[in-house]
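A single structure is presented below for examination.
The first chain written gets the first letter, and so on, giving A, B, C and D; residue counts start at 1 in each chain.
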């Protein structure tokens, strides 16, 4: 696979929705320890709304798809993660405007733009114990492979490592920061859901590649 | 012992206070099951106030002693048991007015008058699952012996049996009546504290008799 | 037992001291014996309204002392009726020469202590009338028993009679009106958890996670029966049906609907109960024209709720809307 | 989890429906999206006051909608900030042409959602200002962190700004006054028990019988530290000292003392806390001239309390006394 098409991007959101649905309890548990026990339901509500919206909406290009996703998340998630993830996809939409597919470079640019929006909005840096701690290494890891599926896989793995890396951190941003040192020892819920988004992306690419591979014999 | 003197009556209230103090938990547990968990503290507060009052008050006769006890209970106990026990001793005071001691018949009359006041005030009959169920047989049992200490012992035993006899009853009066059939199977707290009062009376008589016996060789 | 208290035996006194400190502009508190009176008492020519009962039902009764409601409240120990001297002294303190009205919940202890006090007051030349509240449909009414408990309707009676007294009602007027209101309201309650009397230190009963008590009073006692915990809508139905059938409330009547929290139940849940209760009332053909939702008569930190329905007429609606200025109920002033 | 609810996912909607049914004389509720506005909104020429935040803090914010307080409230899901569309639609519904003031508690989610909404409203030609509330002294203030939480002071700011808006304050006036009040009040809270988010179904933390959490917020989160449960007087001291030291409050100042219940703590305990808090304030040389005691900003059915101290001046005292007519706060009308 060398590009992300409209269909694959739609599959990405479906897969993300499935993954979030499956991991509600885990996300909620993490948010119970250092937050307010709603992150699982916030994500579920958002991606369920996205699924329903996509079912009834024809999107002409990746820009309008990402815009629809971003707007839906903003208007259904609430909390901190709503504007952050919403803004992420709205920012990607700008890069993807009018495009039926994105090549690897464009994808990197779009994801990096999304990440920057989160950092700007949340005034968060790597090390603050937020979703930035998984998103930032994920975006960086895209460079580590030239092939798209491999890059997504590397990004997902980096996100996972980044999420786990939040455990020893003391939170400086978001709700967990109110706990001070007591936030240490817990994995950040938002960093965990960010990893799920990359995991969904990697798995969709993988499946497309396998299908394509079955058909064309190469990735 | 053939009569109840002022000193012995004072010892009675001291002994009743001790017994109540020792049985707070039991009375409260009983009142928790079918009432509002305050009977132990109500009795304790009342008899503690009686003790304090008696410490600083000289009473000239049994009438003023019983009146003081009755008034103190009325003004410190509250709840259902306050006016009932208070009225009990105020009624006894009428019979004992101006007397330095009471013979057995007078005691019977006084206690019966007290019981009648409780029945009138509480509109309760034997079988309603109240203090009347221990007081009534106790007063009746006074007749079963001519000797005073023996009569008090018989009364205390009858009170105990009466109190235990409330267990299978369905309450018709007091707070326990709100439970309907659920009041069955529990011993009435007020019937239990009434038994304690007679128990105190019997033991004070017994001790006086033993002392008297040591001095005079006969009861 | 987890409570914000100091010593269990000081709870009532310290809470009264706190009330005095917080509401010195409205009430005066006596600590020896315990009672609270409105700051401007006695009011010459006005009937003095006095209520009271065990503590643990806050804001009732001390929170309802003030213009347009009670002249005095006598708090006993937790769940223990006040003693006659409290009632006598409080009544004397608010005696404006037009007589004293006692509002008494129908518990043996409350009844007897208020009765003793009334006798003493009358012996002192003060006219006293008593309005009894016994609105709890969970308890069967019978002349062989202690009768029904006074619960949620107490708050409404205190408000309505308070307004009538403020407007100059005579003792006889108020007694008549009180008895009329008593005959126009019904209540029922339920619990999700027990409560703990501080001095006792242990919960009054234990419920499994899927159980509730139906037909409770306001003293932490178990209810008429234990049942499986069901949805808020079903619970509401189980409370509303006996209430509607008992008075009975009839199609076309105007009512006040009062959903009360038992102490630990948050307002968000009470509104869920109110929603269903209003639907049921309206299906029954009633017009809910006044409402009250909140924790107004409690049972320490018990979780649960009670519902009270009161039939209104023009006079009662007006009295409900009249100004009231107490620590816990305030409007119109 | 024992709650009077139907389905966990319907809690917010059904409670709003209940509020609508109970308070149709004061508020209008929108269910799509969720918001509540005062019945007579929009009021031409008056600045529209809009607040909001997660649900679970009842009576805040919907209970504070009405004359003399908020024009609109936007409740999110339990403990979840509302979304920008709620805020935008509510703001538009109460836009009387004099601009909109957003009162926002300083949580990342609330801040970002209100900010997005403000941008959209401004794009639509409506002037929007924002007053942030961040009064919780338990959290260190630092520009490297999310800063302090908005807690008890929110209720007071909404009341005071509501009164100022009613008196015709301009958007600029209200913004200035809001920032002034923000700088004049401090709070701190503690918990005896956790609470349970209905959809989660499990308590947010567990405490032993002899433990408490100090420095909690209003979202069921653990506090700054766990400590041995001590007496009410000691707890009060542990809350008051950091509050007094932080602003700092100085000898001779006049203050409003607000003792708030977290949801399941009965009023009788709050008065015990108030008693001690007033003593401490007065030992510190403060004059407590206004008070508020009750459950006004809650964390579902958490047991515990918070204390808020607000420095008053003549203007603020007058604004506090001004008429307010909302479901949860009513006086003077």
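Odds and ends about this structure:
Quick note on the criterion: contacts are C-beta pairs under 8 Å (C-beta built on N, C-alpha and C of every residue); 3 or more make two chains touch, one makes a residue touch a chain.
Treat the numbers as computed from the prediction; the structure is a model and nothing was measured.
Averaging C-alpha coordinates per chain places the centre of subunit B 33 Å away from that of subunit C.
Chain centres here are Cα averages; for subunit B and subunit D they lie 55 Å apart. Looking at subunit A, one finds that none of its residues touch two or more other chains. With touch defined as above, subunit C holds no residue shared between interfaces to two or more other chains. Taken pairwise by the contact criterion, the protein chains link up end to end in a single open path, with no chain closing the loop.
Working note: touching chain pairs come out as A-D, B-C, C-D.
Note for the complex: subunit D touches subunit C at residues 1-6, 11-12, 14-19, 21-23, 55-56, 58-59, 63, 192-193, 209, 212, 229, 231-233, 235, 257, 259, 263-275, 278-279, 288, 291, 293-295, 298, 300-301, 303-305, 325, 327-328, 330-333.
Listing the residues of subunit C that touch subunit B in their complex gives 33, 54, 76-85, 107-109, 112-113, 115-116, 138-140, 144-146, 149, 197, 199-200, 202, 204-205, 217, 219-222, 224-225. Residues 28, 32, 34-38, 40-42, 45, 74-84, 121-122, 172-175, 177-180, 182 of subunit B are the ones touching subunit C in the complex.
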